[in-house]
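Take a look at the structures listed below.
Next, two complexes with chain A in common: one pairs it with chain B, the other with chain C.
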Partner chain A sequence: MILNPSQKRGLVGAAILAAVLIAIGLIVTYFGSRYQLRLVYSAFVNLLVVLAMQVFMGNARLTNLSHSAFMGIGAYVAAICVTPVTVKAISLPDAPWGLNTFSLDPVSSAVLAIVITAVLALIIGLFVVRLTGSGVTIFSLAVLVIVHSVFLYRTDIFKGNQAFFGIPQVFSLTSIVVLSVIVVFLVRLFRESRWGIQLRACADDEVGAAAMGVNIRRLRLIAWVLSAVLLAVAGIAYAFFLGTISARPFYFNHVFLTLAMLILGGMRTVTGAVLGTLLISFGLECVRWLETGPVLLGVDLPEVLGLSGIALGVVIVLTMALRPGGIMGDYEIEDFLLKGQE
Partner chain B sequence: MEYVAQQVMNALAFGAEYALIALGLAIVFSIMGLVNFAHGEVIAVGGYTMVAFAALALSNPFIVIGGAIAAAVLMSLTLERVAFRPVRYADPTTGLLTAFGVSIILQNVFLLVVSPRPVAVTSLYFLDWPVRLMGVQVSSLQVFEAVTTVLVIIGLMLFLKRTTLGLAMRAASLDFEMVRMVGVRSNRVFAMAFMVSGLLAGLACIFIMARRGSVDPHLGFNPVLKAFVACVVGGFGSLPGAVLGGFLLGAIEVAMLVLLPQEYGGMKDAFVFGIIALVLVWRPDGILSPRTEKGDKI
Partner chain C sequence: MLDLNGITKTFGGIHAVEDVTMSVASGEVRGLIGPNGAGKTTLVNLISGLLAHSAGNLSLDGEPLDRLRAHQRAALGVARTFQNLRVFPSLSVAQNIDVARYSGRGSAMVDAAIAEFGLSDKLNQSAGSLAYGQLRRLEIVRALALNPRVLMLDEPAAGMNEQETDALGRSLSWVRSHSDCAILVIDHDLKFIMSLCDRITVLNMGTVIAEGAPKDITKNQEVIDAYLGEADERAA
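And now, the complex of A and B:
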């Protein structure tokens, strides 16, 4: 395979980002406490989600709000498959279709989760690609609500807002760092691939791109399904480390959080997605600490619930007002180091 | 027979509420292409104003209702000035995400300043009493709701068709540049759109509060979510579309409540959204959307 110049630049950029991620992983592994390790792990899960969102939102530039639902589907399928039968006999005593009578090894569970999510995404995607602009946003919102009410309603399978427990811990921080490095390369190469370039052309000028022979719907479908597959991977990583999942983390709060990450960094570039995730994950921890009313420089601050929500909202509004393209705009990280644009 | 009539009345009342909210969304969207997710928080502001009035021991219903509507209008105008003016000419996605951000901020401000729990508001209970209408037992609130929505639609139609500013607004929804070029102040058009939107949110707030009797930070979120769906189904930016979508949604929702067996009750929203999604597949741009080709100026 021969890479064109922009793809080569893409590899350099992805390598730099990968180096940053590996460095963070190493620092936390050697110096972090158990609690910090958990925080960093969930930041990496969110990074996977934001990268997956970038595939569809960044290239097709349509706002999708159903990403947490696909993450949830992946997480639940993997969790139901991998949990041992003995645990499922307690947690899912009246599951239908013999769901509590089998268990698979982690690899086949993950593959099954990805396949099921991809098939669902393909079916939903066939409808999504027919819509435009705000239609996509509202449709994806409907998907989010539908999936969430299924999670809540079928308590015999998903346990609703109660915890689905007993998922064996398969992943460690190392596995998720490796996973995110792979995903960073994948997402960046997709952006620089023929499909990525054509998709971005559609976003800039739909009629023009169509006139040049670009099959817009097919491309959007490809990006949509790829995005869903990566979201399933994020969901699997979530379930395989935390050991318990419930429906709540896959709803509006998570949608807003990851959206803010993607917007702050800039959804058009992979560097933006990574930067936004790192900034918000770190910033939010500081705000959460303020929220509990700590003693700062001898001053006993009051407890302010909701501060983290306000901070997220302010980040979104200010980014949109001051820099609609996010911090990175159209720049990838290697543009600061290598000479010449594309 | 009476049962059917009653359910039809229910559907009309639900639909009227959705139509009120959907109109408020559509009027802003038609002019600036903004998907205003913060509309629900404008409704909540009205609700919290009622709480404030109750705390001040003002129980005169006219003051409470007038105050809530005024607060919603003010809030809507403030949002236009503070949050949406910087993104006025930006692409729709930027506006939508800004509105999202505003919505999160306001919800958390309510949570922080007032309470995360529902606060009871009893001053509007007097609006609700059982009446017999042509042999059917209905709630007076449902009648008020349907009548108000009809009046609002007539009023809005008169305003848009018979006044200069209304004409400017209709023109602005087609070609804003041209409207500015003939000397209409764009700020005034935007402010008017948000004022009407706030007024409609205030009216919707009265009915929501009279039915629920309490306000919490997420008061407006679910109704607005539904109203959005109504807008999209009717054809985003089309005012008749918003009304049609609202009533259609009300009808589907009541039909689901009646037809779904008891044990599927929790799945009502899933079915409603599913049907709506199918309507969108049939008409991707909504039922009443104008026929435009991509690349048309308007």
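And now, the complex of A and C:
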């Protein structure tokens, strides 16, 4: 495979981001407490989600709000497959279609979860690609609500808001750091690939792109399905570490959180996706600490419940108002380092 | 050979293009002139598939195009530029050209065209940062990257000064000597059109009112009344 200059630069950029992620992983592994390790793990899960969102939203520049639903589908399918029959006999006694009569190894469960999520995304995507602009946003919001309702009301399969427990804990912080590094390279190479470039051309000018031979619907479908596959991976990583899942983490609060991450960093670039995730993950921990009413510099601060929600909203409002392209805009990290080489 | 047979386009009862029949042979440069609103750009949009014609049929080397969508026609070699530029500002110049190169039939002349149109040292620049004249040339190179069988240029000299127009004319002659595609040029600069084209088709109110060699067109009374006369008045 011969790489063109922008793809070579993409590899450099992805390598820099990967180095940062590996460094965070190493620091937390050697110096972090158990609590901090869990926090960083969930930040890495969100990173996978935000990178997956970047594939579709960043390249096609259409807003998708159903991403947490696809993450949930991946998580639940993997959980149902991998949980031992003995546990399922207790947790899912009324499961239909013999779902509580079998159990698969983690790899097969993950593969099946990815395939099922991809097929569902393909079917839904066939409708998505016929829409433009706000149509996609509204449609995807409806998908989110439908999927969440299914999780809530088919308690015989998903247990709704109750915990779906007994998922073997097969992932560690190391696994998710490795996974994140792979996904960073994948997402960046997609952005610089033939498909990524043609998708961005469509986002700039649909008419111009069509006249240059670009099949807009086909490309958007590819990005949509790839995004869903990566979301399933994030869901699987979530379930395989926590051991317990429920419907709530795959709904609106998570949609909003990850959206704030992508918007703050800048959805057009992979660097933006990574930066936004790191900033919000860290910032939100500080806000949560403030929320409890700590003593800061001798001043006893009041307890402010809901401060984190306000903070996220403010981040989105301020970013959209002051810097709509996010912190990174159209810049990837290597643009600062390789500037002289243009 | 591009063939149009009875091509008609109506917008809610108004005939924007009516019963246009014409053929442009491979290697031919055809001028398309007429007053504003004559339907020239609409005709280009119909050929490139951005608009669907209401009646008639279109073919390229005998292959019908009627049922193909714009991107499919482009992949077959129906290339065009736009009067109001449609480059991709967030991509680099090289990526703008790649967008077409990826979907086209593969073209050996693109690298030479990049040099001929003076874009060699701009390849890594963002297309959004180019000057107006460079954007116009980028649009042409991008269209050439489709390895066109038909190349349609919608007012390529618009907004250019005389020297730039002369340079463009020389570059288009270069294209002619390196590709056997049929070229269809719309422009209001008659000197440019007359010196470039083998034949000229004149549109007025959506219909063809004359077709012929440049010297015959300038003597055609109907053309003078509909278009050339108007141009003289504007100049006066």
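A few points about this structure:
Following the convention adopted for this analysis, the second predicted complex is superposed on the first by the 339 of 342 C-alpha atoms of A that agree within 3 Å, B and C clash if a C-alpha of one lies under 4 Å from a C-alpha of the other, contacts with A are read in each partner's own complex, and residues count from 1 in each chain.
Everything below uses one rule, namely that contacts are C-beta pairs under 8 Å (C-beta built on N, C-alpha and C of every residue); 3 or more make two chains touch, one makes a residue touch a chain.
Computed from a predicted model, the values in this text were never measured in an experiment.
With both complexes brought onto chain A, simultaneous placement of chain B and chain C is permitted, the two fitting side by side without a clash.
In the superposed model, A:V207 makes contact with both chain B and chain C. Of the two partner chains placed around the shared chain by superposition, neither chain B nor chain C is touched by A:A15. Contacts of A:V287 after superposition: neither chain B nor chain C is touched.
Chain A is touched at more residues by one of its partners, and among chain B and chain C that partner is B.
When both complexes are overlaid on chain A, the residue A:I197 reaches chain C alone and has no touch with chain B.
When both complexes are overlaid on chain A, the residue A:V111 reaches neither chain B nor chain C.
Taking every C-alpha atom of chain B against every C-alpha atom of chain C, the smallest gap after superposition is 8 Å. Across the two superposed structures, the residue set of chain A contacted by chain B and also by chain C is 207. Contacts from chain C toward chain A in the complex involve residues 48-50, 69-72, 74-75, 79-80, 82, 86-92, 94-96, 98-100, 102-104, 124-126, 142-143, 146. On the chain A side of its complex with chain B, the touching residues are 61-63, 127, 130-135, 137-139, 141-143, 145-146, 149-150, 152-153, 206-207, 256, 259-260, 263, 304-307, 309-310, 312-317, 320-322, 324. On the side of chain A, the complex with chain C involves touching residues 4-6, 194, 197-198, 200-201, 203-205, 207-216, 268, 330, 342. On chain B, the positions that touch chain A within their shared complex are 29, 35, 83, 86-87, 90-98, 100-109, 111-112, 116, 225, 228-229, 231-232, 236, 264, 266-267, 269-270, 273-274, 276-277, 280-281, 284-286, 294-295.
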